[in-house]
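Contents: one structure, followed by commentary.
Here the chain labels run A, B and C in written order, and each chain numbers its own residues starting at 1.
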Amino acid sequence: MNALVFFFDNAILSGLIIGAIYALGAIGVTLIFGILRFAHFAHGDMMTMGAFLSLIFAVLLQSMGIHSPIALAFFGMFPAMAATALIAILFDKLFYKPLRDAGARPVVMVMASVGVTLMLQGVLRVFGGVSARSMYIGSPKAIFQFHLPDATRPIVLTEPQIILFVFTAVTVFALHYFLTRTRLGKAMRAVSDNPDLASITGIDIRHVVWATWIIGGALACAAGTLLSMDVALKPDLSFNILLPIFAATIVGGIGQPYGAIAGGFLVGLCESFAVFNWSILLRPLEPMFGVDFPSSLAIVPTEYKLMIPFVILIIVLIYRPTGIFKGKVL
Amino acid sequence: MAETTATPARPLVPVRDLAAFAVLALIVLAVFLSQGSVYSLRVMVEAACYAVLTLGLTIQWGYAGLFNVGVMGFLATGAATSMLVSYPTNPDFWNSPGPALVAMFVVKLAICGAAIWLANRAERIGFHRRLKGLLVTAVLIASFVVISWHMTHMADVIESQAGWVGGLGLPVILGWLVAGLVAGLVAWFVGRVCLGLRSDYLAIATLGIAQIIKTFLKNADWLTRGTLTVSPLPWPVPTPANGDFAFARGMYLIVVVIVMALVYLALQRAYYAPWGRMMRAIRDREDAAAAMGKDVTARRREIFVLGCVVMGIGGAMLIHFAQIYDPSGFIDLNHTFLIWVMMILGGAGNNRGAIFGAIFVYIAWTISEPIALWLFHTGAAYAHAWTGWNPPSDLDSRALQMRVFVVGLTITLVLRYAPRGILPEPEARH
Amino acid sequence: MSLLSIDGLTAGYGQMTILRDVDMALDEGEIGVIVGPNGAGKSTMLKAIFGMLTVTGGSITFDGTDITGIRSEKLAGHRIAYVPQENNVFASLTVEENLEMGAYTRRDDVSHVLDHVYEIFPDMKDKRRQPAGELSGGQRQMVAFGRALMIEPKLILLDEPTAGLSPMFMSVIFDRVIAINRTGVTVAMVEQNAKQALAIAHKGFVLAGGQNSYTDTGQNLLDNPEVARSFLGG
């Protein structure tokens, strides 16, 4: 029983946590990919920027003398989401729109987004330094333990993890409502589906582009903040988080927000299953099989965690480039 | 359109090129006069190595429009390979069961590769499609288990008995050539997966492969000593061990410049040859090229592999010059994005532009370090004097991050305001 | 005065001129059919009216307003709708969502228009929750028509609506075109199946080499032996 609890904590739960982060990031990437038709390389640093903004707002709240049982960073996240969305639109105006208007090929936009990501990285590290910091100012992180009857080991959930799950669930429902019930949401799907027809139909592409950056930016900020609350705010996230997010996007099918969510959880769970030490789960079964399992039985050593999204990506590209939800192959 | 396929007339006197290189010569002269020849020769050797790397990138992006975000990976592959080929042998390894294990590893790798290849063609020997999927999955999993178990075991044995495999002790020039071949091999695999799709996928995949190569090199202690680093790497010319730095670096520079010139001449010929023309046709009018019966994917793979071969050689030369192989030293910024800036600033698709961009940007990059530090220290000093603000203790490392910002800004500005660079491609883009 | 009048139109793609000095006029409530050999500039004509390419000479007047050079996304406001030949539905959106997108530029309540469209295309009502991409070619064409009708256009431009459809479905399409026209919508249509199309046309325009070749009533063109020999396959 202890082994099962350990498995639940370290494989399933940790997979779901990182999966939720990937999903929140991948929704933005897939919408940008579907509507603006390029892979947005600046998404990882946009997440870091969002986390920094949340921290700044949290410090502001603290200095105003506000206290709360829930971490201030969480309350700081909402103004930070709005700010990140605005900055995303600003970036579009400054860097992407001029290229779009000049009829640049999508791959030039990819390059521009690499330029943007480097600029963000530079600014964040100049002002924020290069060391990791805690998002918990003031109050410490609350930890909840759930004891199961047969186990001595508890199921452990921390405050940011609970916030993350609730936030992700609310986001998924809100996004579903937005995309299927509102005029702008449907227009976004229409543009992603068939941009030429959308412009013939008189859909205002500008609004759709704005909506895309608002959703993408706000969710990137949320993902960055929640990840930093769970672990720590690290300014060097960038490319390491980008690869699993792209993998999630492509696995889910480009332009498919639900696919991105599924892909995010899939990649997250695969990662945690791959580095999980299966011998812990198998050892109680040793008498049954009458064999000794080696003490470490992870599929992939932790150092090579980054291999997992990459391998998933390669397998999908070879065998099913449209992804599980039949996205576009651009 | 008709003018796309016409051979461009080469201008008799390339005024723009002459002017650009004259300015560059003045800058180089200024560096030599102000910094002394020992330091300047180092900068020039590194700049020339970067020029080779940039030439590799300019054919991928400039000739064929392929976006490679993993230059660092190919550079590192080349460096590690060349290190293994040319570093002196490790007798402990050859007296241990290591060589047999490595040989077995290669055999198993080949068998698994063949099995995967066969499984993917299962339908030709009468397997049903559904069954083929199962077969492929089974073979992939089996191969993974076999390879990873063998590798763990092999790594344990070699690390405990010999430390690492050591080099082969072969000539350095041979190492550089093999470096190119191995980098090309990696590129072939990546290209096989991604080149049929749009170039965004290639960008994502190369980003991934670069990170993975770096992770592998950092952790594969048995193969490359991992983060323990390997030094001193041999040179193809006498090393400055006797203290005469200027002479040794001068000799190294000559070798690098010869390699650069050879690569340049070969690429220059290719650009004006039917092959180069076809590449540009594919880049600019993919549909038309495909309709004319060109195998777009295969041609792209060709140029992607070729570019990575050049990068592997360039990477090997760069790391050998430093004499220390350190996988932690491979950095996206220095070894991918700086090269991007060199290429687009110099002029994508223009080989002289690549060389110009590499030397110009590398010199700017080298002097930007003291400048950034000076700016930040001066600024902090004034801020302290006026407002009593205390600068953070990691001011130096923050100051250097400013260069990341400048690299990013340069990319976006060049894309927007001078997409063709300082020395534009000889033939107009469409 | 004509609802749509085109005078001396010269237009093309970028530098390449395709239409030279073309005239065309349609009265309110008419069906106008543009026929001609491949490459005569038929579809280009519709695209020029719908602001999708560069007009270098002449004028397009619609309902008393000069619409020359107005970009396509603004033309819904002038109540002109365009149905392209290919990719004319949002494949991943449901039929009803496709129709709603047709009314994107309208801020008022469109439920009565939706009912009206379902009246003309009763099949669509049964399939309204189905993604348009799952429908057959003919049904997609209906969705595309329906989408265009959502702005209650005065003029609808149809680019080869029967292209790629089976002969049986062609007559269904022509039948629907007549039904749309009966509700008071002026139709300008490009067609490969010139005979059937001219049979339902009030006016026919034969284009050849980017210029007017013949202009007459549909029936007269069908009866004209010269036209029949050159353009209608004997």
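By our rule, a contact is a pair of C-beta atoms (placed from the backbone, for glycine too) under 8 Å apart; a residue touches a chain by one contact, two chains touch by 3 or more.
All figures in this text were calculated on a predicted structure; none of them were measured in a lab.
Trainee: Viewed as a graph of touching chains, is the assembly arranged as a line, ring, star, complete set, or other?
Mentor: line
Trainee: Of the chains shown, whose Cα centre falls closest to the middle of all protein Cα atoms?
Mentor: Nearest to the common C-alpha centre lies chain A.
Trainee: Let me check something: if the centre of a chain is the mean of its CA atoms, which chain is farthest from chain A?
Mentor: C
Trainee: So the centre of each chain is just the mean of its C-alpha atoms; given that, what is the distance between chain A and chain B in Å?
Mentor: 30
Trainee: What whole-number Å value describes the gap between the mean CA coordinates of chain B and chain C?
Mentor: Chain centroid spacing, chain B to chain C, equals 54 Å.
Trainee: For chain A and chain C, what's the span in angstrom between their mean Cα positions?
Mentor: 45
Trainee: Which positions of chain C touch chain A when the two form their complex?
Mentor: Chain C residues touching chain A: 50, 52, 72-77, 82, 84, 87-93, 97, 100-102, 104-105, 147, 151.
Trainee: Where on chain A does chain B make contact in their complex?
Mentor: 33, 38-39, 41, 95, 98-99, 104-108, 110-112, 114-123, 125-127, 129-131, 239-240, 242-243, 246, 250, 299-301, 303-304, 306-307, 309-310, 313-314, 317-319, 321, 329-330
Trainee: Name, in rising order, each residue of chain B that touches chain A in their complex.
Mentor: Spelled out, the residues of chain B in touch with chain A are 65, 67, 69, 136, 148, 193-194, 197-201, 203-205, 207-209, 211-212, 215-216, 218-219, 332-333, 337, 340, 344, 392, 394, 397-399, 401-412, 415-416, 419.
Trainee: What part of chain A is in contact with chain C in the complex they form?
Mentor: 183, 186-187, 189-190, 193-194, 196-205
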